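Structures are listed in the sections that come next.
Below are two complexes that have chain A in common, paired first with chain B and then with chain C.
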Partner chain A sequence: MLDSARVTWALTRAAVRGAAQYRLNFVILALMGIAYQGSGFAFIAVVLSRYPSIGGWTFPQIAVLYALRLLAHAVYLVPLYMLNELDSLVREGTFDRFLVRPLNPLLQVLTRRFSVNSLGDTVTAVGILCYASSIADLRWTPMTVLYAAAAVLGGALIEGGLAIAISSMAFRFVEVWPARYLADHILLNFGSYPLSVFGAVAQWVMTWIVPVAFVAWVPAAVILDSTDGLGVSGTVAWLAPLVGAIWFCLGYQVWRFQLRSYESTGN
Partner chain B sequence: MTATGVVRDPPEGTTDPRTPADVAEVLLGDAGPRPWWRQWRALRRVARARTAVMFAYRNTMLLLLGVTVVQIFVLKRVWSALYTARPDVLAVPLHDLVVYLTLANLIVWSFPTHTVTRHLRERIREGSVVFDLVRPVGFVPQLVAQLVGALGGAVAIIVVALPVVAVAGSLAPPADAAAGALFPVSLLCAYCIAGLLAVLLGMIAFWTLETDGLTMLYVLVSSFLSGALVPVSVFPGGLRTLVQWLPFQATTYVPASIYVGGIEGADALRAVGVQLGWVVLLGVGAALVWRRAVRRVVVQGG
Partner chain C sequence: MIRVEGLTKEFVRPRRPPGRFAGLRTLVTRQVERTVAVDDVTFDIRTGEMVGYLGPNGAGKSTTIKMMTGILVPTSGSVDVGGVVPWRDRQRNALQIGVVFGQRTQLWWDLPLRDSLDLVATLYRMPPETYRRQYRRFVDLLDMAEFLDRPVRQLSLGQRMRGDLAAAMLYQPRILYLDEPTIGLDVVAKATMRDFIEEVNREHGTTVVLTTHDLADVERLCSRVILIDHGRVLYDGSVAELKSRYAPHRTLVVRVAGDGGQAEPITAERVAALGAALVADEGEEPEPDTVRLRFEGGRTAASDLIAALAAEFSVADVSIVEPDLEGVVRQIYSRRALPA
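Let's look at the complex of A and B:
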């Protein structure tokens, strides 16, 4: 266990050093991450410059929601980005090697390279959060800071669990990146607005089937102290971070189950 | 110069008397025996091959269409919520706006130019682009045929998925007869502009060998500035002026607005005129860039 942690850390450092060798690429990819996430926020800013609110949420409130969602996304993306490459690792047979080395194959996939785009996401998320807390009616207390941190981690675990479960389908099917892309898109699109906007059915599905609600909407409502219309009680809302832990464990179980049916493509 | 227009290796022991300009002339495709309009059978095969590739990856295409459907649904609900908060900001009724957004997103999805851009990038990077260049069919006509094939494949998939799209968003017949008549013209121009932009983007790889990042940036910027998320008329002043001077709105906003009657009468004709202007301008631009690009071909590894 301790050995695994030490090896993982060494591999991560090597990956970061590797990525930093290509300096221009490093900067361009980071900027790309900023542009990608910034454009989503630009849409909301443009629209809410003309309208008072979306589903009863004003621009400052939506900004808090957006920042929490993006921060959770960044916390998920920095360590788990390499899942995107699982398709090609399996297809090209590179994954075989991971099975004979004395470290969990998942950790080997994750530490293969370091993704720079995810740094851009992080920068954007922190930027929007600072901006949002300056314009929103927020009073940070030690309790809310602690809750926000736990909620961001929980949101990251929800995204991570989903990503691991879908990626592991690569052991059975040839191409799963479009499914990943679709899942990312659903989280990004539904997660950036108050879910009540999408109607009762969608809200229920996004709360109890795929826990999109617990990534940012529920935590944002708790922090902004406006938990009416959430569809979950105040107690459940405070327990939102736990949902992530449960969901991630489920995702990892799916990964373990799928890994058993891995058949090398040969070489 | 060989009659077929194929560049051959010179025989052993002789020096090649051809200058790079000669080779380039052959590669430009107009030195071949037939002009491009008489090679349509070959080009049709290129297009069909691209369509076949799209169908081979139909699961991928359907999942990506799912992304568009999600986007349309989210836009519909978000705009409905906005209209509930304040109904009189835009002159357009909500239903027309939803039809506009549905159509605009379908137009974007129906022309997956990025598949061709990526293909071109890979050919250039691997050096296999040389096989495309020495074919008796011109390289640019080949690219155009690829784009047409991609369009054809995507449109076929859309037709099957229309019922789902109609539920997620909203579909309606054109605003009136004039809109119905002008829409196909405007859409054709829009596809030409999007295709030319893709060709220009792809050819950057002749210089940089790498266009992945740029392609991603292009998809993002163009989908926002084309009006697929927000009609251009909603943009705040400065941004709107900027967008009106860029070609992206002519690829999506103009045809979709004409369809729902957002742009009509003389304005509609003027908008199509601007589209035609972009087609000419980007066409000339692409031709100029191509003349330089072909002299830059680097075949890695030989």
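Let's look at the complex of A and C:
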């Protein structure tokens, strides 16, 4: 275990050194991330300047929700970005190499290159969180800070588990990016708003089938101390980070199962 | 060291129906197509052996290598590599094997070659002093000092292949799989690669399994070849035995002293009486005054043939052409094209 961590760390440093060769990309991609995620937030700000609230949530509250989701997304994306390239690693047969090296292939995929895109997302997320804390009715206590940190990690694990499970379909079907886009957009478009704006059925599905609710909506409600309209009890809401851990383990099991059907490429 | 038994790999793909909307119908159809890439292959490879694994394109070479290295899981049959089932225990297997895929580098594209070697040393948990020793030795043997600090993407193919070979052997694996290691290399680079492989095998008793289309690699390095086609083993044995079985003929090239057409021509009848046969010159430009006689090494002694010819004709020069592996393999491949 410790040994694998040391090797993974060496590979990660190499990936960062490799990416640093293309310095202009650092700047451009970071700006792109900021522009993309920032415009999503600006849209909500515009809508809420016309209406006092949506789904019973005010703008400052939604800002907290949005920041938590984006932070979870960034925490997921920084280490797991390379899953997006699993399709091409499989199609071009590069993945073969990972199976003849003494390290878990998943770790080798993740450390193959370092993606700069995720930096922009991280910067935007931290920025919005600072802004949201200043305008929302929030009392940070050691308990809520700890909970928020765990919830962000949990949200990242939910997104990560889903991404690992879907990407690993590439071992069987080679091209799976449409499915990954779909999952990304569901998380992005439903996860950034209070789920109370959708109907009861949609809310139930996004709580108990695909746990979109646990990425940010439930944790934000806990932090804002308004867990009434959630559809889950206060206790369950406090346990939200655990959902991420479970979901990620499931995702990894799917990966392991799919890996068995890997068929490589011809020469 | 390596034991392969009844190894079979079948690929299953959805069948693409002909006609309109074929792509769409592929998505919903349940019909599948089965192709057997490797069919009941069995062999043993001893420690320290260098084996050439040969076959035409699509014969199942790469699929076999991928099962031996643990990349693919076979449909049936078994592989045992140094006591490990490769696909079941991939990481343990990885520690004892080195793999070179000639068409795909394992080096880090954007980093200097030196960094790639450092990373391989870390991946394989090499003790620092062992690494330093191996590193110095390989840089020297493969003559890499000059381009160690250059990013891999800027290396020539020959330089990159040397780097790849060093990376695969750095941690002293017991077994080395080489899949087309000399593809696209020039003569000098090929020679360097072959010398290095030979040196490593002699020094450490490394077992080497080599697939290649360059039979000069095999003639130079391997004492044994396994020939496969359509996923089945056609031949397994020594190179010498392969030649004598499939190409028992040697060729005697005789140049007659040119004296203005006065000399008696060497005719087919006379040659047949000596236990040989006249053959056409396969070269591009037939040389004047030269005849080629084919004879079977096992039945007719070259010395007798030359003596008899010299006694009857005015022979200016003789030379013997031995069958080369390339001709042998070409013959076997072309024979398979004929209906059985």
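Keep in mind that, in the parts below, the second predicted complex is superposed on the first by the 267 of 267 C-alpha atoms of A that agree within 3 Å, B and C clash if a C-alpha of one lies under 4 Å from a C-alpha of the other, contacts with A are read in each partner's own complex, and residues count from 1 in each chain.
To be clear about the criterion, a residue touches a chain if its C-beta (ideal position, glycine included) is under 8 Å from a C-beta of that chain, and two chains touch if they have at least 3 such contacts.
Treat the numbers as computed from the prediction; the structure is a model and nothing was measured.
Undergrad: Contacts for A:Y181 in the overlay, against chain B (first) and chain C (second): which applies, first, second, both or neither?
TA: first
Undergrad: Report for A:A10: first if it touches chain B alone, second if chain C alone, otherwise both or neither.
TA: After superposing on A, A:A10 lies in contact with chain C but is clear of chain B.
Undergrad: Would you check which partner chain A:P142 touches, where first means chain B only, second means chain C only, and both and neither mean what they say?
TA: The answer is neither, since A:P142 touches no partner chain.
Undergrad: A:T94 contacts which: chain B (first), chain C (second), both, neither?
TA: A:T94 contacts chain C only, not chain B.
Undergrad: Taking the touch rule as given, give the residues of chain A at its contact with chain B in the complex, in rising order.
TA: For chain A paired with chain B, touching residues are 25, 28-29, 32, 35-36, 39, 42-43, 46-47, 49-55, 175, 178-179, 181-182, 185-186, 189-190, 193, 197-199, 202.
Undergrad: Show me the residue ranges of chain A that touch chain C in the complex, using the header's touch definition.
TA: That would be residues 3, 6-7, 10-11, 14, 17-19, 21, 93-94, 96-97, 99-104, 260, 262-264, 266-267 of chain A.
Undergrad: For the complex, which residues does chain B have touching chain A?
TA: 57, 59-60, 63-64, 66-67, 70-71, 73-74, 77-78, 80-82, 85-86, 89, 213, 216-217, 220-221, 224, 229-230, 234-236, 239
Undergrad: Quick check on the complex: what are the chain C residues that touch chain A?
TA: 11, 57-58, 62, 66, 69-73, 90-95, 97, 99, 101, 103-104, 106, 108-111, 115, 119, 122-125, 151, 179-180
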